[in-house]
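The first chain written gets the first letter, and so on, giving A, B, C and D; residue counts start at 1 in each chain.
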């Protein structure tokens, strides 16, 4: 007999995250319940709660896992993990309920955007393109210097990773052919592990002061709010490029805006403290910045990856095998995130 | 006794192509004559022409190689090969004079720009950045479609290379982590060779009609002028990106401009039929295009590569070893270029 | 205050698994108790059992984990996981006690031996070496065929992996430069996962009947005893090489011996049903076999890896970070192993 | 009209080097003349000598190239280049006749054998296999040391390449996954080039005294006869493995034999000063050596590669394209070989 699986992806829409093929795969593997865009009503949940083996949800709002005596896995399709306020991780751990996040679905799209933004800033692609529309970019092949600095290639440069989680590990192979030396700062990982991943562990100040391309890749946590404050941002080299990719949470955005308007260094930014960004936000005038509108991960291909990963791990779980596609909640990270 | 070497890089400036370190290396290896930015006067040339073993020049203007009885190599630092009108390749061949080009010096910078432009166009980085300055880009994570089409990642896409020379071979490893299938069209190479390089040989029409990212990488020749005319450009998929990287010579630029203004597909362009491009050229208004101003190769780092390659091969030649750094003129290519 | 850690490696000897450097690292991280070659006496254990956070043991013989109220991790340095008879995994799971195995320490040495044995058998290195000592090997460059068959290279061949666990994943990059197509059979993994690892999932019969180099890499379990019985072995191609690497448990050794003495195919064998192998075992006369004496993993370098992995993960655990070096017991695998 | 091509492979046999497929390809490309195992008679040659464009020969015995007024390429299928005594390279150079060798056909098979021999020696595979047949190898997992020394893995070891030609470049990717540091000694290449290939240029004494796996890969020349004499061999570390792969010419074989019988270091040897090796040669008793009978390159698959490369380059030449598959004679190497 097939296992009962709740598919309740709200706020995600079914069509955005699941191809027909992946939904059909899931129906072959398990008895799929609900499978609509609207949040599943309590009455419907009650009807299956004694039997349900897996709950796929856009955001955990089912309270105590004790309600689901046979639950073995929670699959989050929102993008992160349920917050510890919403979900009792200790109870999950004690019962062997795996909590899985679809975060890896976004890795390739975000990493590609990170590389694209780094090149766009280092090689001044966005600035040159803008100049074509308003006045004229530098043409002469020997006037390398422009009003926003000197273009440079990524080849052989010192690169810094703030955070070496899943996103960094997808970005690393994209940078590999450029032969960069990568320094990394990640307080959740041991130096030994960082070295095994082929990066040099450094403290944050060293990273900021010595690398020429700085990628902000860390997952937000209580302890890294505004990690890059005015003082830290002040350490960045004038010829460096800062790529803000994971969350604006990690940076003092007012300080950053001021520095960019002053031309202290260059940056590429995909995420903002307010989205949409107010029309009069001064960063919109920063010539030293490449600006994109939180579109690193949330594009169609990445969302459809979610359904693929969910179907893959559902197959594993229903066959008594180990799921490998989604990210498993590690107790240490959950506690740290507070 | 050291060999006599003429260093006459005009139109290149010494300081742009040679670090102090590389110039010092060259002086250790050989007796370097002239070494100034101005073209070497005939009288000075005459004084050493019986002895000179290597001539390093920005553009060959010394006529008949018969004037230099001990000449063994010509090193071009301009960027291409001397034209067959300026240099008698048969005479060089018969005397075993190697003709070497510094073209490989530009490979990494141009390939990186090619990748950056492809991502900037596919992921709509330049368009989004422009929208921030004038109105507002799309923010909603679910409205993937913008006024210029749907963004896409390079991962797993069909890619086309028009030309599989030195530039393509440097671009290939940058694309490798994206797992693209590469089709290539290059009439100077056998299908067997193309397959060995890991690409699928196809005719031009197939390439244009089936790939989603098309890189124009071919060296200009008599036979590929306006190769991409209105008819060929018309084969390109509406969801494709054309990256014009090697020379505007290969494309009917008026036809391309018209298609981009009509939003038929997207493009990224670094080279133009006229440079600087006239202020009123309509391509400047094309929202579907990413525009850069012939800055793919000619940046400081790439020019300094020239000196390094020249010093490397000068070392080899003066020690009776095979030069490997610069590109050797192959008789077939020279003839083809007409 | 430092955490209390029991280091009780028997049957392993301290000096075989720990360099001075790694032991010193461990003492910096934690309060290391016992640290001798003899098994730790009960009285000594009792003295610290209320406080101990981590137990490093050669083979779990401490019964109920309830005795250790603050225990957070068990690190096995024997080579596998504690048996489910010896350790209550459900209790560990419920309390969040990680069970870690040093198995990855052996991966590189075993994978290298697997590649070496495959080449030794395919290229007839061992046979040729033996022939030099007794009579004479084939010399003539055109008599490719020898009395034990035709030598072949690994380049481009069909390869089969029986089991795609940790060992297979270390062997895969060693085979990558040979461009082999890898088929894999592993009932604990989904087909989707196998494909993501770059191998083709197949059933066992297909693997045996179609691949030319077959690696036996699976961990022994109740369900794979004598998986390769006479009938299955009979499917192997006459021109194939069987590399027996993980455990003799998976093969009917008598049937294998008979087939090799009959010259049905070639094999390389590192593990045996009895070790040492009796002097009169007929496999010792098999010219079609390359024989080594269970030395794939257990060489000095691999054993010293154990201490390095243990120190790495001890550092992580004592700092509240996620351990990444050793292998974590997955409930599904433990259950399967029964 | 098709070009006339002489196919006169003696001493090679047609069937050994050409598949039906490759011969058919050649017949499609060109008018193939002779194509038999016996050397082509003079009268037959005379009949086509005014027209022939390409001569494919097992060993050049046609004297002066002046006899062939339209000759554009010589393709050697024997394995090396014609000797300068047999072929006037200056005349070829002056007329633009390319001289091409099939040497690259053997690269993969030889490189694989080199890796296999290195592992067989380092991990004592051949010794253990022999011990099984006569007495018994070491079984105990903790007695790492055997009568021929301590086994070691290639992972992370210092490796030395004597010669960095085509063979070394095929061996390099096979070693890459082992993370070895490679030192190289090659007097025909500049240090700069060696560094670009990812190896450290060193003098021969340093290489011999510091690396643990030494590969002899150099092409024989007048200047490297017995390069490894008793004094040089005496520099080798006691824990090192010497892999003799390219030609016995490079080593004082008597000195090597003596050192191996004395157990000074370990070696793997595929080539000998006399082949077949006399039955009473003392090296046959060396327990510290792995011995194979010149079978690294000359196996069926490698010979069939010859025909493939020849057909590939014939296609290029007949279509006016640059041949890339075979090795082109470089004037510097020809002169050096003297």
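Assume a contact is a pair of C-beta atoms (placed from the backbone, for glycine too) under 8 Å apart; a residue touches a chain by one contact, two chains touch by 3 or more.
In this text the structure is predicted, and so the values were computed from the model without any measurement.
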item: Most distant chain from chain D by Cα centroid; value: A
item: Distance between chain centroids, defined by C-alpha means - chain A, chain D (Å); value: 50
item: Euclidean distance of C-alpha centroids - chain A vs chain B, Å; value: 36
item: Touching two or more other chains - residue numbers and ranges from chain B; value: none
item: Pairs of chains satisfying the touch condition; value: A-B, A-C, B-D, C-D
item: Of all residues in chain A, those that touch chain B in their complex; value: 13, 16, 108-109, 112-113, 115-117, 119-120, 123-126, 128-133, 136-139, 141-142, 144, 150-155, 173-174, 176-178, 275-277, 279, 284-285, 290-295, 298-302
item: Contact set on chain B toward chain D in their complex; value: 90, 93-96, 188-190, 192-193, 196, 311-312, 315-316, 319-322, 324-325, 330-333, 335-336
